[in-house]
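These are the structures in question, set out in turn.
Next come two complexes, and both contain subunit A; in the first it sits with subunit B, in the second with subunit C.
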Partner chain A sequence: MDTTRMNRRRALKLMGAAGAGTLLAACGFPAFAGRSSPGRVAIVGGGFGGATAAKYIKRFAPSVDVMLVEPRERFYTCPFTNLYLGGMRDFESLGHDYRELRDRYGVRVIHAMAEDVDVPGRRLILAGGETVSWDRLILSPGIDFRWGELEGYDRAASEKAPHAWKAGSQTHLLRRQLEEMEDGGTFILVAPDDPFRCPPGPYERVSMVANYFKNHKPRSKVLLLDAKDNFSKQGLFMEGWRENYGDMIEWVGRSGDGRVIRVDADALEVETEFGEIHRASVLNVVPPQKAGFIADRAGVADESGWVPVNPRTFESRQVNGVYVIGDATQAAPMPKSGFVANTQAKVTARAVIADLAGDAPPEPHWVNTCYSVIAPDWGITVAGVYEVHDGELREVPGSGGVSPMDASPDFRRREARFAEAWYAAIAEDTWGTRPAV
Partner chain B sequence: MDLPRHFSRGILTAAAGFALLVLGAPSWVNAQGRAAWERIDAATELLDGATPRAGSIRLDLPAVTQDGSSVPVTVEVDHPMNPDDHVEALYLFAAGNPSPEVAEIHFTPLAGKARITTRIRLDGSQTVVALARTNRGEWLAGQRDVRVTVSGCLSQGNSSDNSDFMQARVRPPSRMAPGEPGEVRTLINHPMETGLRKNPDGSLIPERIIEEFRAELDGEKLLAARFHRAVSANPYLLFFVAPGRHGELALRWEEGEGAGESATATASIPD
Partner chain C sequence: MKSYGGKTCGSRKARILGLSGCVAFACVIVAALASSGPEVSEDGDLLAERAEVIAQSCAACHGTGGRLDTAIPSLAGQPAAVLSAQLLAFKRDQMPGATVMPRLARGYSDEELEAVANYFASLTPDADE
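The block that comes next holds the complex of A and B.
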């Protein structure tokens, strides 16, 4: 298919254009002359979407009051947890705090759990009963799991067969299980159907587990049972698996009976659609997902469990004055990635400021790159530029592309270094942090 | 597998169906005030002047789907399934595909309920239409709008693997509640070549599809299906067997020229 072919020069040109647009727009912001505060914006969620939105609203319009509600004082990113599992990265290097947002940009950071949204009263209700009043609300709540939708897989089961699809104790649990596994064991990853957080994530996960096995438990096997027949960067992943890990990784798609319909977390067994039972030494289940629960409380999620948004601004289609960004949204063809959440946050920051000033939102563009690391010296990417066309989001025709097949070892090594550089750059752009690697 | 070229173009351009949802118009009336089946020649030919009762077929599809090459769809006709009054045939159309016929399913009362799940190819955002005919000649209809996008992060792999070509799989009913029809899952590994796709050298890959599927229980007809090229690669069909039925399920898939594959399984559905 044409879209899978590399067209990097065009993509970079378009990305350059998108970047320039952001700069121009930043210069052209309403000054809110003569008013002490043009408005209050509350933001729920301090990840890639929420933290970026907080920072960029203050950058674009310092007089707007911005309150960022995030329970954790230190936020660990889901991106690059696979590199931690693979032994390539220290877990602490994935943690980010909010000092820069608070001290340099003047964001009011509230470390509390947002429990409910009072839409008519324009108030956010925090755990403990405290409230935060807003003129505009931005939700960047990430994902929650549909516990029980996959038979046998609920919160209790995830303590035995971790998902590790949110960074934290689940990531540590999976790492510990891998370390305790005997050489010669089988790691099984169960991958869900679309849509889910981080489309290339399951495939990077098995790559990094194989990297750990190759170095420490070389007789072990990796089995990926997939509810899909096609996945992100499929040809590149399969080439990378073959080149780096021989036949250690086996992928079974839906039409090969890879779709798991039941999990027995006690026995570490899974049952596929046509009745095969697979037994794991370590079982990693990525369950079906939906928007983070606060989206339900605010009434912005629809029957799909995700949030439909006005494509130009990412204001909810269902509730005026509430904007939603990041993994929680229905933003296809944009993937649910940290990079996308970051660019959506910038576009929405501008739209919210324009809205407070009574102006029309500017013409938006978004950009994404998903880096995946298959081995320490083997990185691959997919990139895309997005726009609104006829009232719908679409990938700019001819933009983006993926890494070429059969590239040189040097090309793959450089993309692995670019992945690390990407992480450092986006962390600094989002939280202002510069973690030591 | 790769989508035919025209599929990817269509995915980028078609979004008309989705606009309807946004405007909140009744789901079976389009902007011109006509039901979707009225715009499908094959459907109006079938109906031959009859007016179907709208809203009596439930279509379950994702409102937004990221992969038009394999869209899961469940169709259930809200109608009895007894020998005197039952659904005889169910027709599925994708109004926005180059050829709108997707599949037809012929039921007998042995199926217990007129409900199937399969996977279909959609050439962009559009309306999926179902028509059903009862043994008394009554027509029923239903439809649903679907928005199809493509994602750079979800690009089609290029990894068609022919090692399991024509491998048939069947999952007989298990763990059902008493009195409920039992669920049978079937799949056959087959590329379902549309005849629209090209080789790297530019030549057309000839059409090659599974055209027919039949299921019998101890020699008695249960269900028969006709697939068109809009049924996804590796045709998947989930259907039902009525409660209280026990016996040997015999399944048969056939390509056009009589080449085919068979499978059997034991079904035992409690009363």
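The block that comes next holds the complex of A and C.
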């Protein structure tokens, strides 16, 4: 990109425009002078990615028409459902609505399911046949499950052996099963191979189940059967499990025959690669995943099931004018986290506004911080700072990393407090939810 | 450096116009601080834009505009010199007891951290209310 020329153009705008347009243009936002609306942006999905994109487009360029399509009037986050399962958090505290986006930022919120994308016609087709026209489309569809890829695990099986990997009825089902389980039972979690939503999620999940057992069913066991030999924050999780739960949690990696190849949801049994059968009292299966189905309808997903994107803007590599953010994308080394979706949304908001004005996007920059709560006073983190280098996404050398091993109890306690503060902040930044004091 | 902060940036007019902060003012100041000539001003322009792009990521823990005050402190309207000294100390592992911030601060040049400090200093704590 010819930054010098771009800045000269900005400088010309600065001289030629007036008022807010001047100031915006001076720092990279086009003035959109004399036009009623510089364009229409439709966004599919009201989670961390989509809601943030809607809000920040309106913050950066209020005259852009923004339409957010999300079926739910109240959105429950996947992050912190583990704390609900562990007895640390009320489920309602994980719910967020769209009033602030609508009333304060002027986002048109449409509570409907987006069923199809008409790319040549630049229209979104909603359940019921209504359409939404757009100049640019942002998809933040999250994940769908590859039902049946793990033998025996389909949608019907998930009613007996829940995944609880999307917040809602599945989360309640798992909580109810834990409550109904007898003390002395075995909770089994089946963890998938990479890539999947929330890499530390399965390990926080078993931590929080162990926290519930420790308080209510102390003779019970937790078994984590894993398709991988390595996982996020592994040393820190294992240290935290030992310190907080003794030998209650057992983790079996792939080379220890931890990879599950078949599920029998009726019998609550799973079979591993080398033929061992494990029987659970409560069985939690996190199945293989792919981008949310609307990505397929838009033609942006590739044969991997995920969405390849232009790293500078997160515009689809396959379909011009369609941007994709969040868990659905191939954005390694960035993880599929709510934090990353939020930060990607802001970069893409700027890129879409620049694109509508015919400008080059600003140099992108992303951050991630994933808090995991192992026990009420035991939090850990992984963090990263990301950039584009030679056309590829990468972690900025020297940045990022995980909490130190063997840190003091005070350090772990503070990261647990900061985890709660992080949740309050990202909920405010994404949906405008005011923290309950 | 303090002359551009506070009231002007947080004015009702700026809010109505949809300015998320007062980057523009930071642009002007950073440019003014640079030695001379139009090419250098463009560098200042870019640095201020860069600071706003970086700062928008801070919101996921510090709230929109760095205005949420919880166990994680708010940033908006803090003195630039204080913010800048803290960010540089995080980067150099000179903040005893720090948790995640050193790992994040190491992702930036000193110049970027100072520009981010200036950006948050230029915001008023309640400008979004």
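Note that in this section the second predicted complex is superposed on the first by the 407 of 437 C-alpha atoms of A that agree within 3 Å, B and C clash if a C-alpha of one lies under 4 Å from a C-alpha of the other, contacts with A are read in each partner's own complex, and residues count from 1 in each chain.
As a convention for this text, contacts are C-beta pairs under 8 Å (C-beta built on N, C-alpha and C of every residue); 3 or more make two chains touch, one makes a residue touch a chain.
Since the structure is predicted, the reported quantities are computational estimates derived from the model, not experimental observations.
Chemist: Check the residue A:426 against both partner chains and state whether it touches subunit B (first), subunit C (second), both, or neither.
Modeler: Second partner only, subunit C.
Chemist: With the two structures laid over each other on chain A, which partner does A:400 touch: subunit B (first), subunit C (second), both, or neither?
Modeler: both
Chemist: Applying the document's definition of touch, where does A:57 land relative to subunit B and subunit C: first, second, both, or neither?
Modeler: After superposing on A, A:57 lies clear of both subunit B and subunit C.
Chemist: Classify the contacts of A:256 with the two partner chains as first (subunit B alone), second (subunit C alone), both, or neither.
Modeler: First partner only.
Chemist: In the superposed arrangement, which partner chain does A:233 touch: subunit B (first), subunit C (second), both, or neither?
Modeler: A:233 sits against subunit B, while subunit C stays out of touch.
Chemist: Which partner does A:383 reach: the first (subunit B), the second (subunit C), both, or neither?
Modeler: Both subunit B and subunit C are touched by A:383.
Chemist: Could you say whether A:411 touches subunit B, subunit C, both of them, or neither, answering first, second, both or neither?
Modeler: second
Chemist: What is the shared patch of subunit A, the residues that subunit B and subunit C both contact?
Modeler: Touching subunit B and subunit C on subunit A: residues 3-4, 383-384, 400-401.
Chemist: If we count contacts the way the header does, which residues on subunit A are in touch with subunit C in the complex?
Modeler: Going through subunit A, the ones touching subunit C are 3-4, 7-8, 10-11, 19-20, 22-24, 26-28, 55-56, 58-62, 339, 342-343, 346-347, 350, 362-367, 369, 381, 383-385, 396, 398-401, 403, 410-411, 414-415, 417-418, 420-422, 424-426, 428-429, 435.
Chemist: So in the complex, the part of subunit C that touches subunit A is made up of which residues?
Modeler: Residue list for subunit C touching subunit A: 14, 17-20, 23-24, 26-28, 38-39, 42, 45-46, 48-50, 52-54, 56-64, 68, 70-72, 97, 99-100, 103-104, 106-108.
Chemist: With touch defined as at the start, can you tell me which subunit A residues reach subunit B in the complex?
Modeler: That would be residues 1-4, 194-195, 199-200, 228-235, 238, 254-257, 273-275, 302-304, 317, 330, 332-335, 337, 368, 370, 382-384, 390-395, 397, 400-402 of subunit A.
Chemist: Would you pull the subunit B residues touching subunit A in the complex into a rising list?
Modeler: Per the stated touch rule, the residues are 1-3, 5, 8, 12, 15, 18-19, 22, 62-67, 69-70, 147, 149-159, 164, 169-171, 185, 187, 189, 233-234, 236.
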